[in-house]
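By letter and in written order, the chains are A, B, C and D; residue numbering begins at 1 in each of them.
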Amino acid sequence: MGMVGGGEGSFIGPVHRIAAELDGKIELVAGAFSSNPERSKQSGTNMYGLVLDRCYSSYGDMFEQELSLDSASRIDFVAIVTPNHLHFPIARAALESGFHVVCDKPATLTLQEAVDLKECIDQAGKLFALTHNYTGYPMIREAKHLVQTGALGRVRRVNAEYIQGWLADLEEKTQNKQAQWRTDPSRAGAAGCMGDIGTHAFQLTEFVTGLEIEEVSADLTTFAPGRKLDDDGNVLLKLSNNAKGVLCASQVAVGVENGLTLRIYGEEGGVEWSQMEPNSLIVRWKDRPYEVRRTGGAGVHQPSASVTRLPAGHPEGFLEAFALLYRNFAESVVQVQKGKKASKCDKDFPTIEDGVRGMRFIEAVVTSSENDSQWTPIVR
Amino acid sequence: MGMVGGGEGSFIGPVHRIAAELDGKIELVAGAFSSNPERSKQSGTNMYGLVLDRCYSSYGDMFEQELSLDSASRIDFVAIVTPNHLHFPIARAALESGFHVVCDKPATLTLQEAVDLKECIDQAGKLFALTHNYTGYPMIREAKHLVQTGALGRVRRVNAEYIQGWLADLEEKTQNKQAQWRTDPSRAGAAGCMGDIGTHAFQLTEFVTGLEIEEVSADLTTFAPGRKLDDDGNVLLKLSNNAKGVLCASQVAVGVENGLTLRIYGEEGGVEWSQMEPNSLIVRWKDRPYEVRRTGGAGVHQPSASVTRLPAGHPEGFLEAFALLYRNFAESVVQVQKGKKASKCDKDFPTIEDGVRGMRFIEAVVTSSENDSQWTPIVR
Amino acid sequence: MGMVGGGEGSFIGPVHRIAAELDGKIELVAGAFSSNPERSKQSGTNMYGLVLDRCYSSYGDMFEQELSLDSASRIDFVAIVTPNHLHFPIARAALESGFHVVCDKPATLTLQEAVDLKECIDQAGKLFALTHNYTGYPMIREAKHLVQTGALGRVRRVNAEYIQGWLADLEEKTQNKQAQWRTDPSRAGAAGCMGDIGTHAFQLTEFVTGLEIEEVSADLTTFAPGRKLDDDGNVLLKLSNNAKGVLCASQVAVGVENGLTLRIYGEEGGVEWSQMEPNSLIVRWKDRPYEVRRTGGAGVHQPSASVTRLPAGHPEGFLEAFALLYRNFAESVVQVQKGKKASKCDKDFPTIEDGVRGMRFIEAVVTSSENDSQWTPIVR
Amino acid sequence: MGMVGGGEGSFIGPVHRIAAELDGKIELVAGAFSSNPERSKQSGTNMYGLVLDRCYSSYGDMFEQELSLDSASRIDFVAIVTPNHLHFPIARAALESGFHVVCDKPATLTLQEAVDLKECIDQAGKLFALTHNYTGYPMIREAKHLVQTGALGRVRRVNAEYIQGWLADLEEKTQNKQAQWRTDPSRAGAAGCMGDIGTHAFQLTEFVTGLEIEEVSADLTTFAPGRKLDDDGNVLLKLSNNAKGVLCASQVAVGVENGLTLRIYGEEGGVEWSQMEPNSLIVRWKDRPYEVRRTGGAGVHQPSASVTRLPAGHPEGFLEAFALLYRNFAESVVQVQKGKKASKCDKDFPTIEDGVRGMRFIEAVVTSSENDSQWTPIVR
């Protein structure tokens, strides 16, 4: 694989490298790690141990040069880990060059770009994965299974929450590059906190419940003085099949590290999951004690057991969950290399469909918030 | 003290008895425990060990008979633990008979009644306590102190939640009296779940933050088919001083027992509390590890330390918190008996002010929900 | 009831008062609260609200005076809450005066006294309860039930632990009376930490497992320089039916409040309980997820359900558990008053049998520790 | 690197592969994965994606063939992941062939072999790492730092525990190879549970406290009928500097997954850590609330911060901790390749010293247990 972005100062670049390689199916062999050619080379050799001549000056360069290699050495796909505004042009270029694409979320800067990107993908006949990595946790798979099989009964109520505290102050005024681009509309998009982490909560909710969030009533707030995008928000949800819910996102919840939690209550039972202790899933029932299912533990079902790497009690974490998306993506890549159409692959990873949904969610919450929290539909 | 309501099948009657007597300052000596005279006597003697001649046939009877006793033997105040629709007439009668009143929440059936009751109280010059008992937990006092002293900085974000699962099915179709009246508009009032437990979350939020919830955007739902009142709801909050928040209440969150939680994030720190493990308060800070303050434990402040009965690690629970309200009420009663004006007492318990606020909250959420979740003010 | 001890500065006196009165069956009406007559009167009136003429100068005085009252007004039993060395003489005098006795643990200063006390009790034909209060927690009852019914299979392994940190320093050099007598061999007995809290862990283990601890290999330590009794200790256990275990006790585990925990593993399942969060019982199974049973919650059995006062999720604590012993004791007192022989009563509270066992445990661990941790039997 | 052992059915082989490669410094390129040549080839190609001609029939073969390759392609070190009885002959052969060695724990089958192995290592001048992987957790590093800097004061008390439930039944009678060799004295050594997991608890205790466990009083038990080695055991500890402690290990604690916990109490503070939620470290203090330090979180110190890969709240797990040992080992290998003497390297990973200590521990606990739990020294 070849990476675009992820140079020095990047948090997510190394994450993608480790996640991609964890299961031994993928190797990072090339990259355009920075728009600054010198820094790209330095990052490639120092951070990723690449040979110098595959550390490219630009992504265009990488695509061109790699295509000139024989197909055995050439990268099979591109991982895009840049700020949001670059996702679309890079993804389009990669697809047009014939590469499959893994792209960080949210899919694009604008909804229109996401729709256009979907078009590009369809035309290219290539695979596209969006790294909504939290879907890779075994206990999320277990929760989804419990909903899907009807064990919980019809879903009534959802509490989805993703709160952090790292942007409580104007971190973007420091040297923190992460803070800089994530709070800048021209690089992050129409929403700040809601785009950066609210979309994860949105996507995870739909992933686990199998329902669609149909309407939102949102109240976005900017607490840090002078910041241009929301850093906090609360959203009432109407879901398909008459379910209701709330989605909260914040980056000013001081002292909270990475508080993604999901709780779902159906007619017969409920599930509660918290990303910071991801190997436990609380399952509540009507007439018996609640139980705690554990990654790889007794009584878990095949959909979670099959994506667990270690015996129960040997905690798996963020990287392992992330790696599942890459593993599943790699399997699809192999299928396509063996002749299967990309459109026919059984894709067990988030795709551009999730990407478009996420951009529609951002658009709807921003619109609702600008209109006194008016209920606003999320178009299918 | 004399009790009205609380006869056989009552959950809250015995709670009030234990809470009132726990600190050794109050004794239950009389009661009109049921509108059925026979049942009142049975309840009084069997459940509460009273002598037969102080188990009255009706509250009117009790007020009259007790007034005929000498003031040393006579009850000093009345505790009202009936369904909501009876709070107002009984409280008014008690006040007019010259008794102080402790009343279960919500204050009354309608907002108008609450306003009228306030008028009655003022005119009677008596004390009135509303048992928003969760304010009696030491760690709630600690949280309030941390906000009040500015340790957390200006409050930005609140998550208040009170969810239960016991009404997931049509429990009111069984013999469960609790379920029957709590889901009946003529006895419970305009809101079901929001009135029964949402008001606790509302009151606790205002109590701890010292802020007012100024506007709500609410979405109430009735999930159990045929039920007349809401059994679930989510409310966006705008608080004074530009804080924001969410309040969730549900009685269909299957398997959840009594999930009252409060989380408050300020500019400098945050607090997180959960009623089911009430002796711990998580305190989060910007630049250091989070800490867990414990009832009676090292480092807690006077407002919580002074309301703790046991050494740290000896868990206090629901009854002890409830008892604090009675203890504080009893102190005020003594002050009044010594000649202080009721209006001049330093009342460390919820009063009719909280009661009126609670009724305004109910009115506002019901109105908002009926108007497509339109932002609706809660009048001061 | 009449109390001996429990005057100003006492932690456990008020606990006994609240616990005794909580269920409305018992009233504290008399006491000899201090060996100093003046302080006894002050404590009685200020702390307990008693009338002056039932605040006695000495326990002898109380027994004599109370006997001169008519049987309806007279105390029915005596609660002894003094330092350990006074338990025996007071209990004997009370029994000989014809009163039933509730006594704090450990039963006596020495094993011989405990044996003698048992003799006194048998001869007096009176009831005697030892307040190993932790047996009163509903989830302890649930655990015992799971063992008793064989749900966990034959018990193999026990971890009993009671650790605190409050004696990490030489607290006895301050004004802390609790620390003073508990570290003084002439008042506390042969063991310090092991006698004070180790006996609770010992008794709870036998209570829940239904097994006898037959042999101990103990290593007691005194960490605080100059202290005369152990403040820390670890004990290997051999139990009946070939079970094994460890019992740890410490009062120098800095920062730990009141860490009594019990874990029991059988051939088919296990239970884990922690006193500081007493309303949860973890139950582990061989082939399914672990479950968390909750006080009053779904699926709990009659032995715990019947001793629960509140709906699930309304936390009960230390006082409520303590109160159960008094409630059960009161029921036995009533039975005896109705003519039943004390020896024939179904006593659902710890008795002098537990007291003698506890003293044998103390003797055995002290002996073992003095003999290089040699395995030492606990005689039946 | 080349692996010996780790073929089909192995749990730990894939763990070593992922751990070794996680930081991008090491690649598995060769292996002798089974004593059965056919299975070795299958495992190498299927499980590890190796080219066929570097899947060797035996470790002797691997060492010989690899030496014939040029030094750039040749493996730099050997990872031994076989049952215990093969550690010594393979490690010796590897060292004599000039390879550095990473070896799973315990070091060898017998103490004598461990002593001999140390001799081999010294003579060969090569690096040797023993994968006591739990030392790689950031919060273990934080705990060690708090002890080392004196923040906790002089250590007084240690509770080390490693309990599991997977051998509650005679799992070795099924097809479970893990259970078969781990319960077989000829392949596992003198101790079962104590050797397999007790040694981890032992090593971790010494690692974090910086103290030596000097004497043990042990009681080992075999609960599963017919099993030849201990499956449960409790050990009293005397540590250097007059500290005391208990070490518990069990593989029959039904339902417990992988319960490694460590608690250390000093004169000023204490730490509590649990492997199953490894990203939290409870730190207790004398006079202030306890705090929870988190992997990568606010206020943690350099020794833990520097070994954290992700921002706080992105959980790291077992594999990441394991990988740290490989990363540190790789750094030492590079140093040696640059000319540094192995004996002069700053080795931040467990070495043969830990291995010899571990074997002495096994010997001491077995001896003590056979002698009525007599205190038995662990020779330096």
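Keep in mind that, in the parts below, contacts are C-beta pairs under 8 Å (C-beta built on N, C-alpha and C of every residue); 3 or more make two chains touch, one makes a residue touch a chain.
In this text, all values refer to a predicted model and were calculated from it rather than measured experimentally.
Look at the CA centroids: the one farthest from the centroid of chain A belongs to C.
A comparison of the A-D and A-C interfaces places the larger number of contacting C-beta pairs at A-D. Centre-to-centre, using mean CA coordinates, chain A is 35 Å away from chain D. If you average the Cα atoms of chain C and of chain D, the two centres end up 43 Å apart. Between the CA-based centres of chain A and chain C the separation comes to 55 Å, rounded to the whole angstrom. Residue positions of chain A touching 2 or more other chains: 255-256, 285-286, 290, 294, 297-298.
Residues 283, 285-294, 297-300 of chain D are the ones touching chain B in the complex.
On chain C, the positions that touch chain B within their shared complex are 11, 14-15, 17-18, 21-25, 48-49, 164, 166, 255-259, 275-279, 294, 297-298, 309-320.
Here chain C touches chain D in the complex through residues 152-153, 156-157, 159, 161, 165, 168-169, 217, 219, 221, 223, 232, 234, 236, 238, 244-246, 248, 250, 252-256, 263, 265-270, 284-286, 290, 372-375, going by the rule given at the top.
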